[in-house]
Structures are given as C-alpha cells and as structure tokens.
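We call the chains A, B, C and D, going by the order they appear; numbering starts again at 1 in every chain.
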Amino acid sequence: MEATQKAGFKAGLAAAAEAVVAAKDVLTKADQAIGDGDHGLGMARGFRAFAEALAKQEGGDAAASLQAGGRALMMSSGGASGAIFGTFFQAAGKALPPGDLPEPAALAAAFATGLQAVRDRGKAKAGDKTMIDAAEPAIAALAAGPQDLALALTGMARAARSGMDATRDMVATTGKARALGERSLGHPDPGAMTFTLWCEALAARMG
Amino acid sequence: MVIKKAINDPENLVREIAEGVVFAAHGRVRLLEDLPVLVRTAIEPGKVGIVVGGGSGHEPMYQGLIGPGYADAVACGNMFAAPTPDVILAATHAADQGKGVLYLQANYAGDNMNYEIAAELAADDGIVTRTVRTGEDVSMAPELGRRGLAGSFFTLKLAGAICGTGADLDQAADLAQRVADNLRSLSVAFSPGSLPDTGEKTFEIAEDEIEVGMGVHGEKGVATLKMAKADPLTDLMIDKLAGDYPLAAGDRVALLVNDMGATTLMELYVVTRRAHQRLAEKGITVVDTWIGPYCTTQEMAGFSLTLLRLDAEMEALLARPAANESFLRP
Amino acid sequence: MVIKKAINDPENLVREIAEGVVFAAHGRVRLLEDLPVLVRTAIEPGKVGIVVGGGSGHEPMYQGLIGPGYADAVACGNMFAAPTPDVILAATHAADQGKGVLYLQANYAGDNMNYEIAAELAADDGIVTRTVRTGEDVSMAPELGRRGLAGSFFTLKLAGAICGTGADLDQAADLAQRVADNLRSLSVAFSPGSLPDTGEKTFEIAEDEIEVGMGVHGEKGVATLKMAKADPLTDLMIDKLAGDYPLAAGDRVALLVNDMGATTLMELYVVTRRAHQRLAEKGITVVDTWIGPYCTTQEMAGFSLTLLRLDAEMEALLARPAANESFLRP
Amino acid sequence: MEATQKAGFKAGLAAAAEAVVAAKDVLTKADQAIGDGDHGLGMARGFRAFAEALAKQEGGDAAASLQAGGRALMMSSGGASGAIFGTFFQAAGKALPPGDLPEPAALAAAFATGLQAVRDRGKAKAGDKTMIDAAEPAIAALAAGPQDLALALTGMARAARSGMDATRDMVATTGKARALGERSLGHPDPGAMTFTLWCEALAARMG
C-alpha cells in the first residue's frame, strides 16, 4: 500500500474549514432558494472559528482538533447548521482514538458516531433533505474505501457529492424548507452542500 | 450593492442593537460583557426566570420584549440564526433566581437544537429548565411540526404574567404550553425584506402578487395569491385561522395584528377592522387587540394575524400590567 | 400601477382606519357617525379637552395617540391633508368639558388655516380654544416658520400629562408652548413612501443617496447626502440638533427615535445607541428615550431624531403614566 | 356692446369645477415636485363638492353659488388649498350683490374681497409662490377688462396663466414648498395652476 497523503490531518481540516468560509456566497444563495438565506453566513462564522481553534491547538491530535473545532463552530455559527455541524465534529472527535493521523476505518467509525449524534439531536433521517443525505453515503464510502487515507477521503467526497445531488429530488420534511413542500424540489440542500465542499477540500488537501 | 440601512459594520450589528436597548432602558437592562445577552437589572428575587431569544433581525422580538412581565434575559443570535448554546446558557445563569428557568422559543430546527444543548449544559450546572415552543403557522400541516410566528408574543406575555403571580416553573411552563396550543397565525407579504449582511432580498414577489404563509425569516410562502383588497384578504386569513381549530361561536380570543416591517399602521387598522367584523360574524368575541410591529422580518411589507383562544385564566393573566423597557412605551 | 397595500377603496380609507382604532380600543374610543372624529368614551369631567389631528397617512400619529394622558378627540384629515374645519369643530365639541379645548397641531399652512377657521367657529359656539403649534425641523431656517415633525408626540404627551393634573386651559397651553419651544427634530430618508390613492412615490431618491430634512408628507428634503454608516449619520444629526439650540453641558433631554415607516427597529436601536453616546460626549443627559413608529410617512424608509430640552416641570410630567388605546400597548 | 356670453354663470361655475376635477393628475404631479403630492386629490374632492352644492342649489344666484360652493369645498378638500380656495369663494360670494349674472366690475370687486380674505387667512403675499400670484393679476385684469363678462373672463384667464407661469421663477416662502428654497425654482405653484385652470374653464364655458 502506497501512501498518497501529502499533508497532516490537521492541515487538511484547516484547509477544509477555509474552503467552506470561501464558499459563503454560494451557500447563502442555496439557502435563499429554500431557507432563509443565511446558511453561508453562519457556516463562514463557524468554520472561521473552527480554523482559529485549530491554530490555537498545540500539537496535531486529530481527535482534539475535531473536538475543539466542533465546539468553536457550535458556539459561533448559530442556527440549525451550527448545532448540527458542531454536534457532528464534537461527537466524532470524542469517538476518535488519539493520534495525529487517523486510520480510515477509525475515522469512518468516529464520523458514524458523529452522524448518530446528529440524528439524535435533530431527529432527521436519510431522505429528509438535510446534510445527512450527503454525510451518510460519504461515511459509508469512507468505511468501505481503501486503507490509504487520502484515497479514502477522495471516495468519501465523491459519495458526498452524489448524495448532495440526490437532495434535489427530495421534498424537505425538516428545517426551514419543510414548509415549502414541493416548492423545495429541484434545489439541493444547503447543509448537504456544505458537507460536500468540506469533504472535497479535505480530500484535495490530503491527497 | 449599496445596503440602504442605518447600520455600521454588520459584524458588530448584534452587539450594537443590544447596546441600543441598554441605552433606551435607562438602567433597567444590562448587557453581558462577553456575550450578546440582555438581562433585567432588577429581577424579582425568587421568581421563575424567563429566557427568550432567537435570531436577530426580528426586532422588537426579542430584544425589545424584556421587562417586568416579559423576559428576564434575552439570548441574541446573529441575523436570522438561532443563538448558540453558550449564549443561551449565559442568559440562563443571568435569569435564574434559584427557581428554575423557562425557555420560550419558536419551533425552528436551529432554535430547538441550540436550546436543547443549552438545557443540557444548564442541567450540568444544576439549573432546572423547561422549554415551551410556539408553532402556530396554519400554512403548514400540523404533522410537519408548525413553525412559530408572532404568536410567541402571547406566550411570553402570559408566561410573564403568571411568573409575576409567584407561579413555579411547572405551573408557568404548563400555562405557556396551553397558550402555545391555542395560538394560530398566518402571514402574508407584499414585498420582501433583505439581509443586512448582504443587502440581498430574502425572496422575490411578482408586482401583482402576494406571498402567503411565509416564515419570519423571509422564507418563501407556501402559495401566492393575486393582489387583493384588504377585506377579502383578511376574510381569507381569518377563515383559515378560525377553521383550523375550529373556533366555535361563543369562543373568546385575543388578536394580534403584526407588522412584518414596512406595512403601514394605516393598513393594520384597516385589517384590524375587518378581522373584528369577520370574527363577530362567526360569533367569536375579541377580548383584546394588539397592533403594530411585534415580530418583523427586516423591511418586509406584510403582516400576520394571530389568534389566541382564551380560557378564563389566560384572560385574567392577559389583563395584568407589564412593561417593555425599550419599546412599546406609552 | 398595482397599489400594494392592504386597503380597500381609497375613498373609504380614512373612515376604515378610524373604525380599526375603535375596534382595537374595545369600547374606550368611539367614532362620530357623520364625520371622521375619534373620541374617548370616558373623558374625565372638568378636564381641559385636547384635540389633535392632521392629515392621515402618518399613523399612529394621530389616530393611535388617543387615550388617558393623550388626546381626547382626533380630527382625521384625508391622506396628507389637514382636516377640514367642520371635522375639527366636531372634535372640539366632543372634547369640550366646559373648560375649553387645547388644539395641538404641527405648523403646516393647511393645518394652521383649518384650525384657525375651526377656532373661529368654536368661538361662535361659545367654546374657548387655544392653539399650540410644533415647528421643530432644524433643516429649515427659523424665520421661515419651521414645520412640525414627530416632536408633536412630546407636546401631546406633556399636555396630556398636565391636563391630567387638573391644569386649566392657559396653564396647559403655556406648558405645551414651552415644550414646542424646546423641541428640535431632523429627518433622513433612504427610500420614499407612496400615496395610497395613486401608488405614486412621493419623491425619488438615488440608489446611493440619503435625503435629509424631509417633511412628514414625503416632501423632498433640503439636501442629499451620499449613503453613510449609522454612526457618522447619527453624529451629524445630533450635532445639528444640539447646535441649533445650542444645548450646553448639563442640559437634560428626552430623545425620540422615530421610524418613518419602513426602517427596522434594529436600525433604530443602532441609531439610539450612537445618539446616546454622542450626547454623552457633549455632557448632555438623556433622561428618557422613545423608539418606534410615532409619526410615519407611509412606507418611507427613514427616521427622525427629536430632542426635547427638559426643565424640572416637564421632566416630572414626562414620567406620569398614560395609555394609548390602540397602539403602543405593552 | 355685444354680449358673447353663451351660458349662465352657474353653468360656468359648474364647468370650471368639473375642469379642476378632471385635472386631478396634472395637479398632483405639480405638487409632487414641490409639495406632498396631494393637491390634485384635495382639489378634486373640493371641486366635486362645489359642483354638488351647485346642483342642489335652487335658482342661479351667483353670490349664493359661490358661497355654497366655497363652503362645500372648504368642508371637503382639507389641506391648505381647501382653506384657501374655500375662503376665497365664500368671501367673494358674500361680497357679491344678488343676481344670476354678475357685472364684470362687481365680480372683480367680489373676487378682490375674496383674495383679501385669502391674504388675511394665510398671511402670504404676492411673490410667495402661491395661488395669489395667479389670482392677483387675474382679478386686476377682470377689473380693467371689457364690460362683456365672457370677454372679461377670457382676459382674466390669460392673466392668471401668465401669473402662474411667473411662479416658476419664484422661491417658495410659504406652504410646503418653502423648505425647498432654491429647489422649488423651475416648478409652477400647484395652487396657481388650479386657479388658472379654473379661470380658463369658466371663461371657455361662458364665452
């Protein structure tokens, strides 16, 4: 097995956070279509705080990065996505064994724990047109993927995007879009988009 | 895009709003140093604390609704974004007088989750909380979990009133839940608001159309109507509200005619008149009426109607005096 | 042009507004059969009557400002047009308790003349009246005879307060005149309002400009500014107001931050904050603050700032309780 | 002297009132430029009431027509123009001797009395950019004009129009336009326009 990974996981998390911050406008546009138009603003606030927490962190323990970043995000984003993504990262960080560079399988297990915490917190399930529809197939792909972290993350990102694309055909049943019913059809879910962009940037930096 | 609003750097907006409230309250409200939390300076000892707060941009809800008979502390979120758990937790500590804290929030995923996390953290700190959510938007099917609109004003007003009588947390929460269960609201918009951070409209409305059933964040409505005169529009809304319970002849209600931002009071008076007439036709008595901006969506032109079906206890509580510290001052 | 307002036939608008007030006041205000005059149902016997009223379209001024401690009767004009003498005369008869009637009006040619004619007709009917005019717009040179803006709220509030103490007509009028003399206001607009009869904008404002010093009827301002942030704009306004008296360190004032229609309360709080800061820098104490829509120009986005320099008597009167019957209800 | 007059004075007043009602939009436009944009609405209300008062009047006494019409206008127009035009017609009517068809000289004298009442009421003077700037030269022309009423009214209308035109070059010092100062230059005074249209329609119907 040849390691393709080019950067540390912490650097990857930092790059992924910056990518979401940079996508502020496109995320906001997505939320205008079916929500209240603030998703990009909240995620930019949250992932900026995530990146700042990483910068303050001593060392590069992945579990600590996810926990500190998730907490910072939760306490600065606000809104639904702040609670959801904050819960996801915090719970994933708590579940991850110590170490700077996680194994793909361990990371997948930790993310699965994070996603379960999201389900417990928000009571949404697959098909409800939320970030879960990107995260669930993405984490499954990571779990089933190669042993090489960078390659595995690339597979994860690809699965996230097709999960996000599938949200276009879903009628929202949770969050602000649920009132729209059929009017939410045709638009991707903003939170699924954030999760996808995050995965893609993480994979790109690590690969 | 030129953002035509009297604001400074949007980064500081939430804090500057809160500072304005503090100045306007002349010593009766303070602002925490590190977090955007407004707190009454003289909360009655032994009183159940009331914490409210959601996304900003809906003023006077909630920043203006603090005072004796209203909230004890307000957790201020960013524009249209539920406050974070640490902000709610700080408000909880500030409001707590040892008798527990009542959270009153509108049913939105963001608010639900952030309040839930805050409640868990408060429990860790030994503070008992109970949460009551308003969700009275009749434009949504009940099984979807209706979102909360301006009716949250009544939940707060009546919870504030009962807490002023020395009620304990469970009594207050039970009453607030009864209020929430007896609320119905519906909103219409003529023109959209815009986000102060970006200047972007929250949605588009055709020149000759009305959007029906929007949320308070500028979410699109569930349907559009052709522009109509005030009377048929009001009839349609009242019928939908009354039919939703359904109300029966002899029922007694409170009425809130809420300006969502740019609708003139002139229009609200015209609508109020028709709402009273239509309810009277159904044999329903309007016990009392509130008119004005209570929950806004920036400069959206539109209004919402809220009915609260009253029982004897609610009706008595509704008449208790209360005072907002920076708004609705006679 | 589609008129996007919740109204019916504009011909009936003035009457329908008044009917809305009556419904919302739940028995405390009535409407004359034949003329658009709102009257308190239980005016205190022996009290000096207070009559206000100007053109409609500025709600809550004046239709919403009736109640104990405010007006006893409101003469409603058409949109932006002073009420006719017969309407004012009918309001005078309705308000009179045998102790004379105080007219409080803003200084506009139409109001001046119609009140003057009404006063002559009232005199013929044996009713003594006195008239006090507000004219506090610092955008105009004093020798032009300044027009009245939202400051009329304070004249009414303090006249209402002193009449509640049993003052006679001359005492009340002299106090009201002292209030009028100590008022200063200035307004700015970001976007115009429109006339409900025609849907036409009252004037145009460039995308990136602010109009400064408009009247309350949508008259063009006296100058335009490039769009500015809230703080420098507020500083400019406060400096102009304070410099006009000029105020001195140690002076005490009341502050009114008035929404002209579509300005968000969020913005008003930001402006309030800066106004307090700027006045504090000058050593001026703000004793109390009012924020919200008090005198509007339809859906104009903009606000006005009003200062009232207080003496001890005014300050005491300002603190007296009062209640509007259909608006500003806590 | 050959009488050119084709209609009774009351019919002339009715036609003049209708002409102002019909000019609602142009008067409103004029008031938008320097006032609050309601002049046409107020005058339409007032002159409609004027015409209704004429319709109710028995007989055709000119003095009674002016008084009843003026009172009806004053009690329905509102605003500055309601008081001004109402005062003008009422005072003129009181000053006019009985009779269905006034002599030009008597009418001029009555109108002069009406105009004095306007001055007393509103404290404006010639040059202040008000209806006075149309009315003053118009009444002077009527007074100095031919014995034939229709011809005299034609001269009056001509003088009113040139008086109104002159208001373009005046800086308003009274009414809503006074705050504008120099910004009021270039626009005619709305009230002067109403007075002019009224004179022209009266002259046209009578001639």
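Annotations for the structure displayed:
One rule holds in what follows: contacts are C-beta pairs under 8 Å (C-beta built on N, C-alpha and C of every residue); 3 or more make two chains touch, one makes a residue touch a chain.
Keep in mind it's a predicted model, so treat the numbers as computed, not measured.
Listed by label, the chains that touch subunit A and also subunit C are B. Greatest Cα centroid separation from subunit D: this falls to A. Averaging Cα coordinates per chain places subunit C and subunit D 32 Å apart. Subunit B and subunit C have Cα centroids separated by 28 Å. Per-chain Cα centroids separate subunit B from subunit D by 54 Å. Residue positions of subunit A with contacts to 2 or more other chains are absent.
In subunit C, no residue touches at least two other chains. Arrangement of the chains shown, judged by which pairs touch: a linear chain-to-chain path with two open ends.
Put simply, subunit B touches subunit A in their complex at residues 55, 77-86, 108-110, 113-114, 116-117, 137, 139-140, 144-145, 147, 195, 197-198, 200, 202-203, 213, 215, 217-220, 222. Subunit D makes touch with subunit C in their complex at residues 28, 32, 34-38, 41-42, 45, 74-84, 87, 121-122, 173-181, 183. Residues 2, 4-9, 13, 16-21, 23-24, 26, 56-57, 59-60, 63-64, 67, 69, 190-191, 196, 207-208, 227, 229-231, 233-234, 261-273, 276-277, 286-293, 296, 298-299, 301, 303, 321-324, 326-330 of subunit C are the ones that touch subunit B when the two sit in their complex.
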